[in-house]
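Heads up, there are several structures right after this.
Paired with chain B in one complex and with chain C in the other, chain A is shared by the two complexes that follow.
== the complex of A and B ==
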């Protein structure tokens, strides 16, 4: 007898799956599979959908068997899908592809609880995998719902025959009790560093690219995606001073601005050796301290105000005053930086200045060259020349537009003397080119300008449409100076924002739907800001909750006590949590329907009968049968007990509605009280 | 070596048995609580934990806080499921209500009343038939546990294992209950019409012929031709010896009056076979409303009739 401790129960194996179970499974899978399909696993997901469809068709037919040949075909297809994925997109996507195919093969053969469990386990892992890519709060909530639905499948299997609302109700209670445990564990459990090197998460780069052709930024400006968010510690600069530098471009081939070899060698050192430049002697100037949370760009570029420094590990300074991440930003990345306000930035490598910043493309722009020569002859100094160029931009009919015309070669000539319509990169390119023609070292700087202040969260959001390009010129004795030619064409762009500068019709005209376009409605703007703040706090407290934040948090919670006390408090906390969980599980899942109440009332009545009148019920007797043993003289008791037993039987055995039962229960309580 | 292992497993089983007997003593009724419920994660539960571990590794290596949160939350759910699995059994009252006597190869039934204050799911019993209740309602409900009766005699209902994996299939929650019930298993009836009018007593003081004459203290009233299947003891041998015609002695009131069934007189190669035949004879006699007595070695049940008498006769057979 004792040897029969079999682990699998016969019921689980043989019982057919209920319809609820299947619906929950499909709902849960559809969420995760959609995310997986968006993340480069489209073929495998299509295969899964195909298998699920076949299974759904056969659902109507209880004795369905797969054709043997068809099974082999399916296996072959999945093998093909997995192997091509491994070859084409690397090990990680290959692994996900494998798991999706596994799901597909399991769902097509789904008959029993065992297969269902396999599906649920793999589903949970795929949910975690999707969370690697989709970090925003709305995606996280959706994916968690899908995990809940997957677990609800298991519950629905045991509660077969119950209404799906009851299953969901139970599941919701369970999830809510478990949530505090999850949160507390998340807050206090020590975080381990990565245990081993994993294949990198790969995706297309987003945001600024490290080469700039005329028209690139105008295209990027159609996107209302977030680039990064910044919160200043004590004070923030004026909004028109928020020139967020990302990187400089120094090599121009007549069409495209690129990084040069020199800067690329610095990048290589930063990535491999994690070494950057140290800026010295900056202590005595004014500074701003701020924190930046970047979105996942899958690139190395970071953002900072001039002159940005950071002590964060993995954040390095490059000689072109940019900040550079040693690892590509595969997810939201948070770093703190300190910017020193220096008007004239010193050059680190003065020897190479001319070589790097006076380079001209072999492709000539004769009209511009002639114009520069004329202008130079009429100027008495470099400064005068620069002013004259900027005045030219300001006073001639130059237009600022998100939809500049297509330029013809030579591009700068066409822009300067023909179209005269362009976005910031047109002006920055033309100005830098002109400077170089005049022998003044110059380069293009790419980054973002401005940002939207969110008062609730006290931070600035910088969007892709805030992308900006400006110029930087070097003069002996003065160092690098920022010159923004756009300022002389469209002052509103710098003073207010892009939307103001180009007008509402042109702003985000070709991009995806975005709430930002409807900012003229106050309610829309308020809602958008609220959501943005929610997402910001989510990023700060959940996505970027690292070891350092954890330490600070625990310090805040328990004070700066020594380790032993802290661990004792933590252990006590765990016990309290444990006790609370036990209590809540019992309380939420206790019996509380009217049918259970009637049993309690019946016991109460029987107890009273026993103590007051000495009449005990035998196991098999019903309350009504007790009337037989009551002495016939006590008519009062008999009539009372008759009413009580009648009510009990009515409530227990007749099909009454819930409100009717409640009324009867009240009557019964009064009767028992008076017994 | 093999015998040593066998010895070890026997010893372990004996230890387990005595532990269980001490922990959950036999009783008519049991209320399930933490004293008599055992709970352990099953394979599915371990798989669940393995998935949690895999998610933890993935999240740690990719430094994904959301993955970690998911992992910890799943662990929290695991803990709550532990409670739910326990509450699925805890609090229910089981009362053994009825047993029925049966014959060998029939089903022994133990009726148990389940008194529950809430809905419970998937009650699996490891009785002889793996009885299963998919749902136990919040009320009083009966379940019949069954075993195959294999042996004649006293049957003590064994400890029955009640287990459930509801509501998620991650934990095995079980208990071993002994309802302290016993019943008797009567021999299996074996048709034997040749003795249906009694075998006569195996009284050593009377010889066969006189016994024949005096059977049931009734009066001899005539003869009729012998038919196959009639007891040989009633053949009138004296007449047969001179006219070669077998005739059977007929007695007045012999059938309705006292019939005796004796173990010693029933033909059969084995004792079980004889007892089976007697069982059939007794039941048959009761059906025909005879007044019958039973003689089992030294034990003698005086002739009577009625269901109670039949029961005591069968009981005597079961105990023999």
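== the complex of A and C ==
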């Protein structure tokens, strides 16, 4: 009794492509090509659009033929596009460009099923490739739709002659059946390591850079992109203690802070030999445990609270207390870390402290040097001196701003005595420089401060505008201590967040559109938090579902040990699942014809009439004829039954369109319900 | 009910009093382009009905009283040798009219009966090797006496099958007969004309275009098949019978004012269309031993 999808025969497969097929192909392509255009393949995508437009002319004019010369021209253009892309953007973008151009050339020659098949397969490949760059849930959903549309394009070819909506309908049913199978496969299929690595493209690095000039972080603060997300296991520190350390900068040339050779050698060891530092004797102290999911930054820097350690493979500790990834973060990366709360951090390599952290640029800042000398003479100890410097920042007219004025050389002098306006890196650099002038080993630490708590998902989102720089000084016997001069200038930055510190007008003033700016509207904030949480859970449970989590999941599901009974249960479960899917597909594809429905309704009505009113129908009687046996007093029943029998008659015997029948069936249902 | 048809029925009922059902069936038969057989005892108004019907729909008609010595040539016509032109000239018989009223058809010899029925089936007659087409459309309204009466030749099954319907009139109800008796004036049938012959043709076309859904066709087939499968029926309904049921049901639906055929319409005409096909000997229509009633009662129209 149920309708099967009528598949085309062999000869029909080779027939001309239907218009539906073409529309589905264009719809599917439009999604993927938009993604490719965003991935720097704009020229190739434009070429594809051009070719698709030319192909569309066939539908307008059936006798449309391409000029031979024009065809050669198109080949030449595509060759040119591909080769320039290879030269200008390297192998990866070049390959994508090649694929898109081939798609374009195929679509212009699209005649037969063979070409259509090629187009769809390459389309699916491009869809998967786009997922490498766009991991967020909304992109995943869009690309899934694109893939479904591409498959619908094949289906439309096999269902030639069917209406567009019917094809879509059939496709959705197929997707509904495929979805549970897909989920099961996702959960139980072995996760293979990637066959190739995403090549690192230098220009693509996002977030913090491994050198810091004055104004860098202020520029980064215009970005509302996510940097990473962290969820704490049991308890979380106060928000003003969330100093997410990324790395330290020790070499200052008067303009820019950089990593020094010593740290770079550690980095090299970490990358090549995958060896880092082991911190010992940390067990007794208080600690926090947390999970971090970074965004793809294409860099090695990880984030952690002091003093962060991790047992995860590929996550290494460096002597400057930072965590470092052995592989660049080409995609979202999840790791767990444990931070021990130690106020004074021990130095690993005490021998080199002075050499590394007292370095001064050859470029002098005479005014500052003189001021430091004066202040030092009036101080009775290092601690007194440090306090006096910080008090100076606090008492004098120093301003915290996202848009500091351009400084003139010597920079520190200009900042300290002229502009007195700066972002965190200005204060961190100036303070570190002053410390070094005074002979106290100091360095700049770069990372993020704070984060936005998402109560629904119980995690913190740290954005690029949370980027922060602070100082660290070393004193004999005390070790490394964090000093954040920004705290003395703009306490709201540390206590609340950047938006509070700089005000809504300046916050994200030059960045791209971001919903965060509109947080004063409760609905916007709620919606934004909700979407963010959705993406977080997606990342946590889907994107980061790897071999380890899979193992844990299966363990939870089927227990630890393997015995026969469990295998049997497993097999039985598979059978049940298979049966359920089969039943589900039967249910979806069963013939939902109005005929069987009206017969059912009719029986229901007759039954009701029999049980409620004792009016039994004789074999040969039609519903209309039952009116004759109803008592003439019961006008209510008679009028109701008149309407019912008329509707039954109309639905069964009159010439009605499907939609009209559906409407009448609905009316009939209501009438019978009230009978 | 369709207004035009209502008017016709009303007019005829003024003459044939108290037999509205039969009048309606007769009209349906006409609209379905079928030949009609009226069977009843003498004096029940068979001839009156057929004459009134013919004049109501504006048909030119010839009446032939069938007797045992009636020859085929008396109906069809004869070729007579003309001395002046030295050739035979065909003189068409009464069959060459739009409507032939064959009174007491079962009084004629089988030879004559079959000549008429052949003409009914083929819509043409052949005389001396020449074929003459009949009027188109061409109708026969035949009346016959019940077959147990003396001096009758019962029509064979094959010939009964040619008639779309067989109806019987029965005694008029008391009131009807009373008003008939009270009526003194002679009836002039020309007063009872309602529609022209052309209008009849349009009506017939409309009837043909009445919609019959698959379900109602299945209902007809279920009825017909039962007569073929069940042992209770010595004669089964032929495909021609199925066509007849459908055509008659359509006509009935049209008269009813409906746009589509329902099982009610099928049931309404079923006895008239099938009784003479299932049991050729005279059975009072609708009686309990009627095979057609048995058939109707065995099929549930809601379960097809």
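Just so we're on the same page, the second predicted complex is superposed on the first by the 551 of 675 C-alpha atoms of A that agree within 3 Å, B and C clash if a C-alpha of one lies under 4 Å from a C-alpha of the other, contacts with A are read in each partner's own complex, and residues count from 1 in each chain.
Just so we're on the same page, a residue touches a chain if its C-beta (ideal position, glycine included) is under 8 Å from a C-beta of that chain, and two chains touch if they have at least 3 such contacts.
These numbers were taken from a predicted model, which means no experiment stands behind them.
Measured by the number of chain A residues touched, the leading partner among chain B and chain C is B. With both structures placed on the common chain, the touch criterion links A:186 to chain B but leaves chain C unconnected.
In the superposed pair of complexes, A:439 makes contact with neither chain B nor chain C.
Shared-chain residue A:624: touches chain C; no touch with chain B. In the superposed pair of complexes, A:503 makes contact with neither chain B nor chain C. In the overlay built on the shared chain, the residue A:606 is in contact with chain C alone; chain B does not reach it.
In the superposed model, A:649 lies in contact with chain C only, and not with chain B.
On chain A, the surface touched by chain B in one complex and the surface touched by chain C in the other have residues 595, 599, 619-620, 652 in common.
Residue ranges on chain A touching chain B, taken from their complex, read 1-5, 7-12, 15, 113, 117, 121, 124-125, 127-129, 131-132, 135, 140, 144, 147, 151, 154-155, 157-161, 170, 174-175, 177-183, 185-186, 189, 191-196, 198, 201, 330-331, 542-545, 581-582, 585-586, 589-593, 595-596, 599-600, 619-620, 652.
On the chain C side of its complex with chain A, the touching residues are 211-213, 215-216, 259-264, 267, 296-303. Interface residues of chain B, counted against chain A in their complex, comprise 13, 16-17, 20, 42-44, 47-48, 50-51, 54-55, 57-77, 79-81, 83-84, 87, 91, 95, 97, 113, 115-119, 121-122, 124, 126, 130, 132, 134-135, 137-140, 158-159, 161, 163, 165-170, 172, 174, 176.
Chain contact summary for the complex, chain A toward chain C: residues 595, 599, 602-603, 606, 617-625, 649, 652-655.
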